[in-house]
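A, B, C, D, E and F label the chains in the order they appear, each numbered from 1.
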Amino acid sequence: MSSSAPLSAETIKNFMYASTATVSMQMLKRGFRNCAVSGVRPLNPNAARLVGPAFTLRYIPSREDLDKPPSPSDPPNAQRTAIEESPAGCVLVIATESNTRSGTLGDILALRLKARGIAGVLTDGAMRDTPVIGKFDFPVYCAAAAAPPSMANLRPVEVQTPVGIRGVPVYPGDIIVADEDGAIVVPRHLADEVARDSFEQERLEKFVAIRVGQGHPITGTYPPNDETKTLYQAWIKAGEPAGG
Amino acid sequence: MSSSAPLSAETIKNFMYASTATVSMQMLKRGFRNCAVSGVRPLNPNAARLVGPAFTLRYIPSREDLDKPPSPSDPPNAQRTAIEESPAGCVLVIATESNTRSGTLGDILALRLKARGIAGVLTDGAMRDTPVIGKFDFPVYCAAAAAPPSMANLRPVEVQTPVGIRGVPVYPGDIIVADEDGAIVVPRHLADEVARDSFEQERLEKFVAIRVGQGHPITGTYPPNDETKTLYQAWIKAGEPAGG
Amino acid sequence: MSSSAPLSAETIKNFMYASTATVSMQMLKRGFRNCAVSGVRPLNPNAARLVGPAFTLRYIPSREDLDKPPSPSDPPNAQRTAIEESPAGCVLVIATESNTRSGTLGDILALRLKARGIAGVLTDGAMRDTPVIGKFDFPVYCAAAAAPPSMANLRPVEVQTPVGIRGVPVYPGDIIVADEDGAIVVPRHLADEVARDSFEQERLEKFVAIRVGQGHPITGTYPPNDETKTLYQAWIKAGEPAGG
Amino acid sequence: MSSSAPLSAETIKNFMYASTATVSMQMLKRGFRNCAVSGVRPLNPNAARLVGPAFTLRYIPSREDLDKPPSPSDPPNAQRTAIEESPAGCVLVIATESNTRSGTLGDILALRLKARGIAGVLTDGAMRDTPVIGKFDFPVYCAAAAAPPSMANLRPVEVQTPVGIRGVPVYPGDIIVADEDGAIVVPRHLADEVARDSFEQERLEKFVAIRVGQGHPITGTYPPNDETKTLYQAWIKAGEPAGG
Amino acid sequence: MSSSAPLSAETIKNFMYASTATVSMQMLKRGFRNCAVSGVRPLNPNAARLVGPAFTLRYIPSREDLDKPPSPSDPPNAQRTAIEESPAGCVLVIATESNTRSGTLGDILALRLKARGIAGVLTDGAMRDTPVIGKFDFPVYCAAAAAPPSMANLRPVEVQTPVGIRGVPVYPGDIIVADEDGAIVVPRHLADEVARDSFEQERLEKFVAIRVGQGHPITGTYPPNDETKTLYQAWIKAGEPAGG
Amino acid sequence: MSSSAPLSAETIKNFMYASTATVSMQMLKRGFRNCAVSGVRPLNPNAARLVGPAFTLRYIPSREDLDKPPSPSDPPNAQRTAIEESPAGCVLVIATESNTRSGTLGDILALRLKARGIAGVLTDGAMRDTPVIGKFDFPVYCAAAAAPPSMANLRPVEVQTPVGIRGVPVYPGDIIVADEDGAIVVPRHLADEVARDSFEQERLEKFVAIRVGQGHPITGTYPPNDETKTLYQAWIKAGEPAGG
């Protein structure tokens, strides 16, 4: 399957089932130690789960003579392109070099993204209008809140180039999986297998958690020994969901 | 109108209607790029809106031989002045050079400020007793929580001098407008016009958000073109509130 | 009483009654200015109160050839010792040199600690599976959330040696007292007296808060003059709880 | 004159005569408050003066499966383009988002740049082989020294796009002027006038310094009053250099 | 002796003889753990020794409408007062809340201070024109170099009030003792005794260093046992200098 | 060869010939991305080269009642053990969790280490008496200078346990190789082969630098193609040194 093909429903389902903690372990097993974006949080903890391919937007610091309050006669720019032309289902990844002095987006642009079917937003910068966005049923991960409009400190320069988000590389099309532990960046060509193995690991750990909650010690339970594995298989047969 | 006159009811109403994101844009339009205090949060998100003129209190680091646990025989100091003599309606702005190792105030002093009709508190330092203060119907913005009493790390030295709060200048009498995006510092002599224009911008953006929620694209809607402006005027006539 | 004796029920009760703000003041009165761990928060604000003796676990940075995903054949290590052999009632104190790139523990190990009767966890590092742990009735204080498993960035090396947590020394057996203002580290041999005096101070401040809420000024009320002290004694007699 | 024209010899001469402190004041007079790159130092203080148009190179964080030790069969990349195709006289500006864990360049590539007539290097990242490069007669400004090769932590992705360097925007062709106080970024279209006025200011301040060294007070000398200006004109006639 | 009396020649001589490491130990012996300013360096390592009473100058962040390039018609301000009215022999202590984006002073003002007999400068901010000032025979301690003029980011607001310098309190008149390890702030009323004991400690350690250089172990030598003390006394009699 | 055997003269010679940049590349080739300690500098740039096995000493934060100025009756502690019992030729590695508020060692203890034949010191903390130590012919790498004595902020707790230095693991016996780019930590069992390959790479790069200095392009020269390799072999035969 080509790496630019849309994500399959199974892969999305598998990633949605797994936690980022689990996806991160699957990445470590494949040799990736630098794929977790930390220091970002969902503005609405009740709308935290986020899965989708990255559409990148890159900002640089603003310049006093170039970056002014918006007017209807402004020419199109990279931010506008990202807002209106990113594909439904994607995650808008906004790279600011961790500049949190301005908001990258406010409530109106976030609402437009939501209306267009974008899966969510991930930025190493700030958002503005966070009291409003924090009530949207729309996952927005950011490093801070900041009132100033973007052009006070930031300027959009390009879309769909590779960027860094808090020290983690993000290429257009990479899969973003996020929850309250942060966001994991999965290279597109590994998405299906990482999703599948994450589902399986998550399901096993769900069973392990039940066992530990019943008072079993860690040894033998986690990682599971043969006895635990047998019990796990029986538990699956008793009705736990199958992966994609 | 003299800049030391009390804030008019209209100006307070206008600032209360607007978000800090909006006030920040109005400041940028007047050339102010460094007026937003970020990195502070309201302890009680349900008591976040804060508007009022600044009454400043400045701390320096404490010294082991001078700064000891309080006793009834302590002479008055600048903290006590700020607690008992700041005027009702003001915002107590406490500058600590971002020293968050001690709380600047605890629940008892915060309660006294509330009882005296102070509008709220803004500090670049920490607060203590935050589990209690976080339940007050009283806006307190700070950078952190810290258990130690102020004299463990801080000493009050003066009130009503200009201070810096996280890199933003605050002069006594400047208007503080705060919400969960942070706090904006508006020079006193600009307060009325910034408040008026903020009201107008906020009302327009409220309409724009309705339009975007209905599926209209950003172009033509935000900034609004003539058609959108006409629709906006009709919407106002249909009942939106008038500014001060 | 020997400093290695179990904490008395009275001392635990007294610490549970007092806030960390109050305990911190009692420590300052004894000359301790560096006993407050700030920058840590409870994952579940509804399960924040934490009191118990420290059981320490120290991590260093991981090394690519030594630290790999877990397998059932792994030899025991210091983390496993801490999870399975720390005594009920203790606080597991995990020192990472503030390395928050990996979680120190996830939901399964936290659940095991809870099942074994551990009082709670305090770390200068991160936790993983925070969306799950944040719903446990189990106090876990950490500096951040991070998805990666511990071995991605951390390696456990020893238990029960003295450690530093965000600049504060913690010796095995020291008493940890924590709430949303942070954690206070009380040397074991001072625990009983600090707890007793903290109870007394807390009770007094509860009365003072009532007085201030009624509109009394700070002067004469806090610190209390003779009149306030008399009223306080009457209030106690009217039914406030006695300390341990 | 078109902004893409080569810098005139006069403009280069004027910038070489002025300090960055002086150029920065000229930028402030034109409304630019965010044009100074601080936190970078020349590796060789005896080869510090640097003037030239920016040629930009942008790095993102490296990824374990993509970024490996170099081999002769590697395809060309953006770093190679910058090393071999940047024009003589330019300043290679390397943007890393302040990632100083790897060196952006080592002694061999720096030597190649020097051999090709590049004016110098400015990066918000680190350099490696600094004991060697620090002896070159070649200005290299960086934020740190770091031994690891670039691909251990960095990946080159593109040249000649706008970048940010420690919060300052740099567009390809902007003029970089650097000394031990840091680097100033002058928009290309302002270069000639800023250079000319910087020369004039520098010459005046040279005279002012002589006067202050003779014991004259600041008032009347700096800024100069009419008497000082007259003396300055006489001093120029007596032989100080003329600007470009 | 009143604490506002000039420093005696003996006290200055004693402080000049001792290192800040030694003075810091004497302060610790008196219970002062927070008296050492770290993170500052002398611009000219060959003109590092600095002793004198503090004259304080406090800056806040600048505001776009108030702080503009200087003109001859500017009214006097606190910076000008500090430059022209601070007494000979004092140390100008400039507090900026560690704002290093602008230089607090440049070469002309530093030269004026030197001409007026000021002992030196200590700031938690930056200096500009550091390539020039670094060649002056004049001790200037700062945290960074920065090209922009002060008004780009800073505004002077007052002199001779208590300030904090990198977390250390400085009161006007406190004695500043600095070398390449940083600066120690000695309360004025303790200056004579701290200086005297520092001289004595320094002289002893000079002898101890000779002994250690001869191969003697630390035990018995440092701290000295009776035998070492006897040898030390003999060494003094043989010609080492007497303290003030 | 057992990993606890002394380093061979050849291995030491090879590491002394190579730069840390080169050693770091050899480590990357073996999969080690986190072995470089950055942010430390040699106090004496003329005594920078340092090679030797690590002897570790770990500090925690000090406590007011335990850590006081030294007296002859103090019991032995871990610092004293490290100073007097570490073996000649080792590198004393002092872990402080990057606490730079106190010096870990001063001139007398550094002199004692030098007298005992210790190879040098590496710490993530500070040193005191740096104006003196910076003149020793003795490599001391630290993150800062600080005047206060260690017990003001630090307490030694143990020797020869694994530690972290600025995020890099160091096990007792690991080989430390340092120059002005920082320090590389080489696991003991890999020391001989990493040293040998580092010698070879360094020698090749020395030749490459000559070629690049002669004007050859990077392509074909670095990495070397067959022609360059042939020329290199001839150059070796003409007299370059042989590795260990």
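By definition in this document, a residue touches a chain if its C-beta (ideal position, glycine included) is under 8 Å from a C-beta of that chain, and two chains touch if they have at least 3 such contacts.
Just so it is clear, the structure is predicted and the values come from calculations on it, not from any experiment.
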Touching both chain C and chain E: give me those chains, sorted by label. B, F
Looking at D-F and B-E, which pair shares more C-beta contacts? D-F
Report back the single chain whose CA centre is most distant from the CA centre of chain F. B
Looking at Cα centroids only, farthest away from chain D lies chain C
In terms of residue numbering, is the interface formed by chain A and chain B classified as same (over half shared) or different (under half shared)? different
For the Cα fit of chain A against chain C, please give the angle of the superposing rotation, nearest 5 degrees. 120
Please compute the C-alpha centroid of chain A, do the same for chain F, then give the distance between them in whole Å. 40
Per the C-alpha means, the centres of chain E and chain F lie apart by a whole-Å value of 32
I'd like the Å distance between the centres of chain C and chain F, where a centre is the mean of that chain's Cα atoms. 38
Contacts with two or more other chains occur in chain F at residues 33, 64
Hey, which residues of chain E end up touching chain D in the complex? 64, 69-72, 74, 80, 83-84, 100-101, 103, 106-109, 111-112, 115, 126, 128-132, 134, 144-149, 151-153
Name, in rising order, each residue of chain D that touches chain A in their complex. 31-34, 60-65, 97-99, 155, 157-158, 161-164, 167-169, 187
Residues on chain D engaged by chain E in the complex (per definition of touch): 19-21, 23-25, 28-29, 33, 36, 38-39, 48, 179-182, 184, 205, 208-209, 212-213, 215, 217-219, 222-225
